[in-house]
Amino acid sequence: MAKLYFKYGAMGSSKSAQALITKYNYEENGMSVWLIKPSADTRDGADILRSRIGLWAKAEIIRPDTDIFQRFSQSCAGNCHVIIVDECQFMSPEHIDQLRKIVNEYEVPVLCFGLRTDFQTKLFPGSMRLMELADVIEEIKTMCDCGAKATINARIDSDGYIVTQGAQVVLGGNDSYIAMCHKCYINGIEEHKKIKLHGQK
Amino acid sequence: MAKLYFKYGAMGSSKSAQALITKYNYEENGMSVWLIKPSADTRDGADILRSRIGLWAKAEIIRPDTDIFQRFSQSCAGNCHVIIVDECQFMSPEHIDQLRKIVNEYEVPVLCFGLRTDFQTKLFPGSMRLMELADVIEEIKTMCDCGAKATINARIDSDGYIVTQGAQVVLGGNDSYIAMCHKCYINGIEEHKKIKLHGQK
Amino acid sequence: MAKLYFKYGAMGSSKSAQALITKYNYEENGMSVWLIKPSADTRDGADILRSRIGLWAKAEIIRPDTDIFQRFSQSCAGNCHVIIVDECQFMSPEHIDQLRKIVNEYEVPVLCFGLRTDFQTKLFPGSMRLMELADVIEEIKTMCDCGAKATINARIDSDGYIVTQGAQVVLGGNDSYIAMCHKCYINGIEEHKKIKLHGQK
Amino acid sequence: MAKLYFKYGAMGSSKSAQALITKYNYEENGMSVWLIKPSADTRDGADILRSRIGLWAKAEIIRPDTDIFQRFSQSCAGNCHVIIVDECQFMSPEHIDQLRKIVNEYEVPVLCFGLRTDFQTKLFPGSMRLMELADVIEEIKTMCDCGAKATINARIDSDGYIVTQGAQVVLGGNDSYIAMCHKCYINGIEEHKKIKLHGQK
């Protein structure tokens, strides 16, 4: 019985590295993987999925109006054993419904890697639909500087302060993101603390 | 480090039994438990939390306008070691924020048991906020008749057919609910199948 | 694909209650459960499985020389959908191999509930074979008095001190058992501390 | 509260890649990692830990007579935030006890990556002690060719048949290892099937 997986993690939890290792493992076992990512994520050029540790692979870009079920039925069904999705938080709810339909009708497992929530602790559209429909919800863990588990993706402005207002996605901005636990996040806002970054954006 | 837990499960997955056993275990270890449930759930009378297997306990009812953080600070802080919430899907997002604040400021763990999604596969308000803020998201599993894991809470009308339209919560209606896997749920709708119930409502 | 599960927990983690709730859930879904326990456990009379919270059910006793695979093939195959084992730590390695064979050949899931280790932190015979062969290893959690997760089953003599020498299983003795974290267990031994019990034995 | 982790997986489940990514994540957060492996594993030269996907790092070799607790106390305590162990199945039970002592006394988390069982489905010495003492036991999953989860590490001779007799560890031999589910493993033995390898050894 194939399943729909949501493997969520905060910023810097090595989600893309996990996606790429999973792809490697399937392929090493002689299976064929369809690696996709939404067009909203243009961090690494048109079609490269890259992790900070140095791994990378070519991915197919899914545009907002692409019907993934149709695309899969026409081009991949029969010669694709598993679908891996990176940055799945930027998929639309309809995309997730289409992936769900592939799992049901083709018995192909779909593994979605992505963020849970935005800088205001709200689910992204793709994450929300996955939280509703996934058969398996699994956390990829990372840590807050305080040692607790990080669950929040804080947006940090160029002066080092936590941002609490603004658009969910800002392309080409100067803000950084950092994973924090909820307690440090709230303290950081209430006490207007300067947050130490570690280089990642 | 205390944590906020969301232990979600479909209809009939024994969530209330799990809540009551957890309460029993804490109390057996000499700890004090505050058991609460939202007023929207009036299934078992004003303030009794009851599981089908026969376990029960008195719970405090939380009304929509109750500030749980304030209520806890004034009455329970200092002599309560853990909070257990049943039917947490009916808590408001504000309630979940208040529970989150108790975890952060009092270092008291909060364990929330409830449904993930409604009969249209949409998150309930309380479930959505928990999916955003919980430190630990854990599934209480149950099975579809086909043997696969059940993830959907289907609403079944008095003739035995899956309902796809209507209000999220219907009090005093004649509909039943049953846990199904997504595939059987979709098949049941598309083929207008009569669904076999097992007695639970 | 049926699976062999090892659901282990320390003393007082409500393993028997979990076994009984699981049985209830399967039966509520119209499935037939074979509930068994090894004869080494005579805590509750010949054939009753009882949990401290008040749940109970009749179980079939498996003696050391019973071949569970043969017993299942002759009497249960065809009208049994799942096997639930309580106190599985007292099963022999051969018993676990027989259960594994049932999973493989009859596609019937087997859920084993029991202790991980004895009072000297050594695996029990049944637990060891399950740690080797189980498809899913899952912890039923409980807490040490210090708030950390309990992983050790300490044997406490009638004066309240931790026992470190003796037979793995003592029937009819005056010792009690309590779940502790490893740190408190080691401290308790090294500092010869008197351990507070909570009533369970 | 620091913890002792056992992250076990079958052959080819990318355990070393996971160990290296975990190391990378800690270091990216400004923390210092002590990476160690037992001398029994000489697969990649004296002191390099290498994963098939291309990641690698220098590791310190732990010899059978090294006291890891003493070594840590003298050289690393105070400037090491986490210990990562690869090929932990080859550690001795005493090594695991020493790691457990570091967790308890220094509050430093220890993450052990390794195999669960040998080619005869028996726990390795290090794996057994970890199954007894770990605070968290987590599986790194991989798949059998049949699509089920692989849990067995089958030893395959140069003709492609499953080996069932011999020493637990053979250095410099011509045998290969492959991860299989228990059912395919047993079928492979009973039907003397030729097993298809995928290149890994």
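Read from first to last, the chains carry the letters A, B, C and D; within each, the first residue is number 1.
Keep this in mind: a contact is a pair of C-beta atoms (placed from the backbone, for glycine too) under 8 Å apart; a residue touches a chain by one contact, two chains touch by 3 or more.
Since the model is a prediction, treat every value here as computed from it, not as a measurement.
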Neighbouring chains shared between chain A and chain B, ordered by label: none
Distance in touch steps, counted as few as possible, from chain A out to chain C: 2
Of all other chains, the one whose Cα centre sits farthest from chain C: A
Separation of chain A from chain D, taking each centre as the mean of its C-alpha atoms, in whole Å: 28
Inter-chain centre distance, chain B versus chain D - centres from mean C-alpha coordinates, in Å: 39
Of all residues in chain B, the ones touching two or more other chains: 1
Touch-based graph of the chains, sorted into line, ring, star, complete or other: ring
Pairwise chain contacts under the document criterion: A-B, A-D, B-C, C-D
Contacting residues of chain A [partner chain B, same complex]: 1, 4, 100, 103-104, 116-117, 121-123, 128, 131-135, 137, 139, 147-149, 151, 182-183, 186
Residues on chain D engaged by chain A in the complex (per definition of touch): 12-14, 17-18, 20-21, 24-26, 28-30, 52-55, 142-143, 145, 198-200
